Amino acid sequence: MTNALTILFCLTLMYLPVTTRLSSYVLILVFQGILVAGVYTVSFFENFSGEHLVIAGAVLLFRTILIPSYIVKIIRDLDMGHRDRTRQYHPGFLLQISGLIIAALLLSYQFSRITPVLVIPLGTALAGICSGGLLIIRRQLLLAHVIGFLIIENGLFLLGVAVKADLPWIIELGAFLDLFVLIFLMGIAINHLKSHFPEGAGEDLTTLHD
Amino acid sequence: MIGFFILGLVLHAAAMAIPAVLRDDRLLNRAVNPLNALALVCGLFFSLTSLLASQPWESRLALPMVGAIPLSCDGIALLFLFTFQLLSLAGSIYAIGYLEEYVRRGISIRWHLVSFTLLILSMQLVVVVQHALAFLIAWELMAVSAYFCIALDKARPEVRQGAFWYFVATHASALFLYVFFILLHERTGSWEFADFARQTGWDAGTLTLLVVTGFLGFAIKAGFMPFHAWLPNAHPAAPAHVSGLLSAINIKAGIYGIVRMFMFFPSDRQVFGWALLVVALVSAVGGVWYALTQHEMKRLLAYHSVENIGIIGLGLAVAWLGRCVGSPGLVALAFAGALLHTLNHAIFKALLFFGVGNVYLYAHTTDIEKLGGLTKALRVTGVGFLIGAVSICGLPPFNGFLSEFLIYKSFFQGGSLMGGFAPLALLVAAVSLAFVGGLAVACFTKLYGIVFLGENRSKSPARLGHEPISSLPVLAGLATLCGWIGFVPGTALRLVAPAVTEMSGLPETRLSAELISPLAGLTPVFGLLLAMTLLTLVVKLWVQKKAGLRLCETWGCGYRNVTSRMQYSASSFAEELVRLGQPMIGLRVQWKPIVQVLPEPRAFKSHGFDQIEQGLWVRLDHAIGRTLVLLRWIQSGSIRHYVIYIFAALIVYLVIAFAFVW
Amino acid sequence: MILTTLFLLGLPLLSTGLTAWSISLEKNYFATLAAATGHLVATLYLLLSRQNPFPAGAWFGIDSLGSYFLLILSHTYFAVVLYSPGFLQRMDKPEYQASRRLYYPALNSYLLASTLVVVTQNFGLLWVVIELTTFSLVPMIYFYRSKESLEAVWKYLFLVSLGLVFLLIGVLALGVAAKGVGEHASLILTDLVRDAAQLDPLWVKISFVLALVGISAKIGLAPMHPADIDATSNAPGPVAALMAGSLRSTALLVLLRFYEVACNTSVRAFSQGLLMIAGAFSILVAAVYIWRSRDYKRLLAYSSVEHLGIVTLASGVGGVAMLGAMLHALFNSFGKIALFFMAGRINRDLQTREIDSVHGLMQRLPWSGFVFGLAFFYIMGTPPFGLFFSELLILRGMVHARNWTVLGCFLLLMMIIFIGMGRAVLRMLQSPGSVGPPAGKPRERFHIAHAVSFYALAVSVPIAILRPDFLFGPLRSILAEFRFTL
Amino acid sequence: MVTFSSNPISWLGFLALVAGAPLLNGIVNKLKAGLSGRLGASLLQPYFDLARLARKETVYSRSASYLTRLAPPVIWNTTAFALLLLPVGPFPACISFAGDIILLAYLLGLSRFLQILAALDVASSFEGMGASREARFAVFAEPIFFFTFGSLALVTGRLSLQSIISGIAWDKPMFPVFIVVNSISIFFLMITECSRMPVDDPNTHLELTMIHEVMILDASGFDLMLYQHAASLKLLLYGFLVTSLLNPFSWLKPAVGVALVVGVLAVLAVCLAAIETLMARFRLVLVPQFLLYATVIGVLNILIFTFSH
C-alpha cells in the first residue's frame, strides 16, 4: 500500500518538467500532500496512536489546504502571468527527472542492504528532494522556487517515514509551524518584490554578486 | 644600573603620553624627541656600563596570573641593546630638525611621534625579553609601529606602497616565526629561550624544519636576498630619520634573531653554515651590484644595507662552521667580525641616511642625477657623508675596515682549519668580498662624486632650506664614532667581547690575547699614517704658499661654454659595470639608433630595475591574483546556482564519506 | 536556579511582548536593555557557578559548551543594544518608520530564539528553534527597504531554510542511529553521548554530513555562504554585527553539537577531516574575494566567512586547536562588533560602499577611522589582541597534530587574506582625500559606538593574557566533552 | 700582534725605495725609447719633472672643493705607507702583522677612492670618464690581488706578508709553477693598476683614451708632483711584490739575493717597455676580460696546487 502511494508520488514528480503553469504546480502540491498524509497513516497503521492521527491531520491541513490556498492568493494578488519564462516542454528536464528517480531507487535499494529501510519510499523521498531542487534550478520564477522547496519538504517527510524515524509529535508540529511561517514570510517578500521590481516580477534575482 | 634602563622605558612611556595632552605639532616635536633622547641616554648608561664591566643582568618579571617573563641582558642582548639605543638616540635628536619640515608642510606628526617612540621602545624590548610569546609581541609591535613611522607622508602613493611592502614582508616573517617558536615549544614544552638553549638531541627532521623556518623568519626581516625586496621600497618612502633607523637597527633585529638561533641549536651540521654562506654571498654581491644601478639615494643605500647584511651573514656563517669543527678561536674571530660589523654598519648607515635627509631638506630631491656640488653648501653633511662613504667601503682607517678585516681573517683561519674543498670555498668567499669592496668603492665614488662634488646639475640652481641645526651634532658624533672605532679598535672590541665569549666559550684572557691586543696594535699604525699625511699636508700648504696659488675655470679640453649639465652623470659612471651584470641586473635602455644622414633629435634613457623584485615577488603577486580570479564565478548572484552548490556539496561530502575510508 | 532560567528565557520573552506592544522607542530601548543586562548577568553567573539550571536529561540544559556560546551571544547582543539608540536616531527618514518600529521586537525575539538554540539539548527541538532565529532577524535585514536588501532577504531566507531541510534530515538520521540504543532511545545530546557506543556509525556519519551541509548556509561556510554575504553586507551596522558576531556562532554551536556526538563514536576521524575540508575551503573562498574586493561591507562579510572557516578548521584539527577555535569564535565576535559598527557609520557618512571612493578616512572621520584601523589590526591577529593568541593556539594544534599540509595551506591563505584586506583597508584609511569633514558637517565627535568598539577590542587582551578561570574552566571541560586532550 | 721593525735598515730601505721610485720610470722610459730607436730622455728625467712641478704655482678649478686639496697628500701617503708593509730584501718589513696584506690592498683602495673623487670634483666630463674607468677596472683588479696572496696565505698558512714570503718553501715540486703563475697574475695586476700598456697609455695626448692621466688632468704644481710620484711608488710597489714572491733570500746569499731582485726588477722594466713598444692599447671593453683572464689563471693555479698534493 505504502509502495503504491509512493509510486504515485513519483508520477507527480514526473509531471513537474512538462508543465510550467503555476496552477498545475499548486495542484501537484495538493495531490502530494494527500499522498504524503496517506503514506504516513498507512505506514504507522500497525501501532496506530493519537499522535499519528494528529500529525496526519496536520499534514493534511497544512499541505493540502493552507499552503496551497496561500500560494493561490499570492498568484492572484500579483496577477503574474501564469507561466514561467522557460520553455514549456523540456525533454532534457524530463529525462533528468526520470533518471533521477531511477537513480534514487537504485541507491535506496543498495542502501537497504546495509541498513533496514523501506526501499521504495526511501527512493521516492530522495527523488522528491532531488527533483524539488532540480525544479528550483530549472525554473526562473520565484514562486516556482517556493514550489520546489515545498516538494523538497514533502520528500523530506517521506524520508522520515521511510527510515521509520518517529520524532515526538510536538516537534513534528513545530516543524509544520516553521514551514508555514516560512512560506508566509516568503509570500510577504514576494509581495514586496512586486513593488520593487515592477517589470518581470518574481523573476530570479541576480543584482547582488561579486 | 638596571634602574636607569627602567627609567628610560618609563620616560619613553611618558613621551608616548605627551601627544595626548599637547596640541601644537611644533611643540610636540620639540618635547617628545628630546624626552626620548633623554630616555635613551639613561638606557645607554645602563648598557654601556654593563658591557664594559661585562656583567650580564638577569631577572624574572613576575606578572600576576600571567606568570614569570624572563628578562635578561646577556652579552649579546647588551650589545644589540647598546646598538639600538645609540642609534635611536642619534635618530631622535636628528628627528627634531628633520620633522620641522613636515610641520611646516602641515603634515600631522602626532601619530608619527607616538609610533616612533613605540618603535624605539619595542626594539629595546625585543632584545631584552627571553620569552617566546613576549618576544613575538614585542616583535609585532616593532613591525606595526615601524610601518606607521614609514607611512608618515601617506598622501603620496609611492609612500603608501613602500610602507605596504614593508608591512607584508614583516607579516610574512612573523608567520614563519610563529611556526618556529611553536615548533620549539612543541619540542621543549616551554616558551623560555633558556630552555630552548638547554634542549639537546634534536632529531634531524625537526632541526631542519626549525632552522629553515627560523632563518626565513629572521632573514626576511634582515633583508637577505631574495627577501630584500621590501628594503629599497620602504626606505625611500620613510622620512630620513626613520629610514636611518630601519637600516641601522630594524633589520639588525633579524640578525639578532639569527644569533639567538645559534644559541638554541649547538649543531655540528656544516650544511647550514655553507647554506648561510651562499645566501650571504649572494646578498653581498647582489646587493652592491643592484645598488650601483640606482639613481635614488635612499634606494641605493637600502641596497647597500642588503650588501652589509650579507657581509654580516658571512661572518655568522664562518662562525657556525667554526663551531662545527670545534674551534672556539675561529668562532670568536668570525663572531667578533659579524657583531662588530653589525655595530659599524648601524653607525655609518645611519650617518649616511641622515646625510641624505639633509640633502633632501636642502634640494628637495634625492635623485642623484639632479644634484651636484653640495659640499659647498652643506659642509658638515659633505664631510660626514664622505666619512660614512669611506667607512662603508671598508677602507682604513675607519670602522668598516676593522670588521671586514676580522671577517677576512676568519676566512683564512677557517681555510687553514678545515680540509677538503673548504679552503677553496672560503678563498672564493674572500675574493668575492674583495669584489664587493671594489663595487662598493665604485658605487660610493659615484654617489659622493656626483651628489656632493662637481657642480649642481639641476636646472633650478635656486636653493631651498638649510642644514638643520640638530642634525650637525648627530652627523659629527656618528662620523667621530666611525673614526674612533677605526683608530682605536680596542674599545669597540671590548664592547663585543662579552657576546663573543658567550658564543665561542673562549675565556676572556685568551680572547684579549688572540683578538683584542693584535688589533689594538693597529692604533700606532694608523697614527703613523695620519702623522705622515698631516706632515705632507703641511709641507704642501707651505710650498703652495711659496709657489703661489690661483683659481680659474676647469680645463675643458678646448671645449668652450661647458655647462654643468655636461658633467659625467651617475648612470654613465656606472653604466659599464651595470652592463657587465646583465642579465642578473635588470637594465632597461630606450633609444633609437641613428641611421639616416640627417637624424632628428635623439634621446637615450636607461634605468636599472631589480630582477628579483620585479621577476619574483611582483610576478608572484600577479600570479596569485590570476589564480584567485579563476574562482570568482562562485558568487554568481543567481539563487539557482547557490542551490546547485548545496546539492553539489552534499554529494561531494557523501562521496568523501563513503568512497574514502577514513 | 529557576531565577537564572527566568533571566535567560523569561526576560527576553517578556521584553519581546512589551516592545511588540509599546510604540515608544525609549521605552522599548529600556525594556531591551533590561533584558540584555539580565541575560548577560545570568550568563556570567552561569559561567561562574558552572552549574546546569535545568534537570539532567531534560530537553533543555546548559553544558559548558552552551554556557560559553551563551556568553558570545549575550555579550554581542548587549553591545548591539547599547549602540541601538544611537543608530536608530540617525534613521529618521520616513521610509524607515516601519523598520524602526520593528527593530526592538525583532532584536528581543532574536535573543529569545538564540537562547533557546543554545539551551536546547534535544536535536529535534533544536531544529525547530534554529529556524526561529532566521525569522527573527529577517525583518531587520530588510531594514533599509531597498531593492538590494530585499533581494538579500529573499536569498537568505530561501537558502538558509533549504539548508535547514537537510539539517532536519540529519536529525532524522541521528534518530535512526539512536534506534540502536534500544527502547530508551532519545534525541537528547547527553543520552546520545552517553550511549555513543551503541549508535549506528553509518547513520551518525550520514547525519553529520547532512548537518554540516544544512547548517553551513547559516554559519556561512563555503560553498553555502553566498546568501550570508548578501544578508550581512546589506543589513544595517548593528544587525550585521549581530549576525556576524552572534548568529553565526550560534549556528556553529549547532554544528558542534553534532560534532560532539560524532567525536564520541567511531566516525570521529572522519568528522574531523570533513570539518577541516569545509573550513579550509571557506578560507580559500574568502581569500578569493578578499584579494580584490570593491565593497568594504562585503569585504567584512567575507572576513567573517574566513574566521568561521578558521574556527571550523581548527575544531577539525582538535586538541589545542579546539581550544584556539573556541577562543577564536569569541574574539572574532568582539572584532566583528567594532568592524561592523564602524562600517555602518562610514557608510552613513560617506554614502558609499565602494572602497575606491573612500579617501582619507583618518581626516574625514577621525574617530571611526581610527577605530576601524584598530579593528583591522585586531582582526589580522596583531598582538597583543586576542586573535593573535587564538591563532597561535590553532597553529600549535596543527603542529602538534603534525598536520603540515593543513598548516601550510592555512599560513598561505592567511598571508593572501592579509595582503588583500590590508590593501583595501589601509587604502581607505590613508589615501589622500578631503582633509577634515566636508563643509557644513561638524568634526566627528566621540560616539557610544566608538566606546563600545574600543571596549570590545580591548577586553580581548586581558582575557587572552590572564586566562580567567571562569572562561577557561568551561573551555577545558568542553575539550573533555569532545575527548580532546591538551 | 703588530711589530715595528727594530732594524733601522728596514726604515732606511723604505726611504731608499721612496727616493728611488722615479728611477724605475726613468729606466722604463729609457728602454722604451731604445726599443723604438730613439735616444730618449736621461734616466733622471722623472726627477727633473718632479722638481719642476714642485716649483710651479698651483691652479685650482673654481668647481673644486676641499677634496681636490686633500686628495694628493692622502694618496701619496697611502701609497708610500703600503711600501712600509713590504719586506725589503733580507730585512724584515718595517711594519708587519697578521693580515697586513688586507691592509695593503685596502690602503691602495683608499688611494683609488680619493683619486676617483678628486677626478669627479672638478666637474669635467673627461675626468669623470676617467674616474668611471678607474672604478670599473679596480673592481676586477682587487680580486686578483686577493686570489694570489690569498692562495699563498692558505698554502703557507700565514697571514702577514713577511711570514708568507718567508714561508714560501721551494722544496715542494709544484711550488715553482705556483709561484710563477702567481707572479704572472700580479704582473697583469701591475699593468692595470699602474695604468701601463695595453690597459692604458701613459703618454697619449687624447683625453678620451686615458685613464690615470685624465683623472689628474686638472691637477697642477705640487699636487701633480705628488700624484706623479705616488704613481711611480705604485709601480715600484708592484714590482717588489712580484720579486719578493721569488723570495731569493731564503735560499741564496744576501748579496746574490739583492742582485737577483735588481735583476728581476730590470726584467720587469724590460717587459713593460717591450709591451709598450710592441702592443697597442686594448679597446676599453676588453680590459675586464684581460683582468678576468688574470683571475682565472689564479683559480686554476690554486686548484692544481691543492690537488697536486
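Just so it is clear, A, B, C and D label the chains in written order, and each chain counts residues from 1 on its own.
Keep this in mind: a residue touches a chain if its C-beta (ideal position, glycine included) is under 8 Å from a C-beta of that chain, and two chains touch if they have at least 3 such contacts.
None of these values were measured; they are calculated from a predicted model.
Centrality annotation: B (chain centre taken as mean Cα position, compared with the mean over all protein Cα atoms). Across the two interfaces under comparison, A-C and A-B, the one joined by more C-beta contacts turns out to be A-C. Centre to centre, using the average C-alpha position, chain C and chain D are separated by 78 Å. Distance between chain centres (mean CA atoms), chain A to chain C: 32 Å. Averaging Cα coordinates per chain places chain A and chain D 99 Å apart.
Inter-chain spacing, taken between the CA centroids of chain A and chain B, is 69 Å.
Residue positions 154-155, 158, 162, 289 of chain C each touch two or more of the other chains.
Residue positions of chain D in touch with at least two other chains are not found.
In chain B, the positions touching at least two other chains are 632, 635, 639, 643, 646.
A complete list of chain pairs in contact reads A-B, A-C, B-C, B-D.
Of all the residues in chain D, the ones that touch chain B in their complex are 1-2, 4, 54-67, 70, 72-74, 76-78, 80-81, 95, 97-99, 102-103, 105-107, 109-110, 112-113, 116-117, 119-129, 131-133, 135-136, 138-143, 145-147, 150-151, 153-154, 157, 159, 207, 217-218, 221-223, 226, 285, 288, 295, 302-303, 306. If you check the complex, the residues on chain C that touch chain B are 154-155, 158-159, 162-163, 166, 205-206, 209-210, 212-213, 216-217, 222-224, 226-227, 229, 267, 269-270, 273-274, 277, 284-285, 287-289, 291-292, 377, 380, 382-384, 388, 391-392, 395-396, 399-400, 407, 411, 414-416, 418-419, 422-423, 426-427, 430-432, 465-467. Within the complex, the chain B residues that touch chain C are 65-66, 133, 136-137, 140-141, 144, 151, 154-155, 157, 160, 164, 167-168, 171-172, 175, 178-179, 182-183, 185-186, 621, 624-625, 628, 631-632, 634-635, 639, 642-643, 645-646, 648-650, 653-654, 656-657, 662. Those residues of chain C whose C-beta lies close enough to touch chain A in the complex are 122, 124-125, 127-128, 131-132, 135, 138, 142, 147-148, 150-155, 157-158, 161-162, 165, 168-169, 171-173, 175-176, 179, 187, 200, 202-203, 230, 234, 289, 293-294, 298.
The touching residues of chain B, counted against chain A in their complex, run 632, 635-640, 643-644, 646-647.
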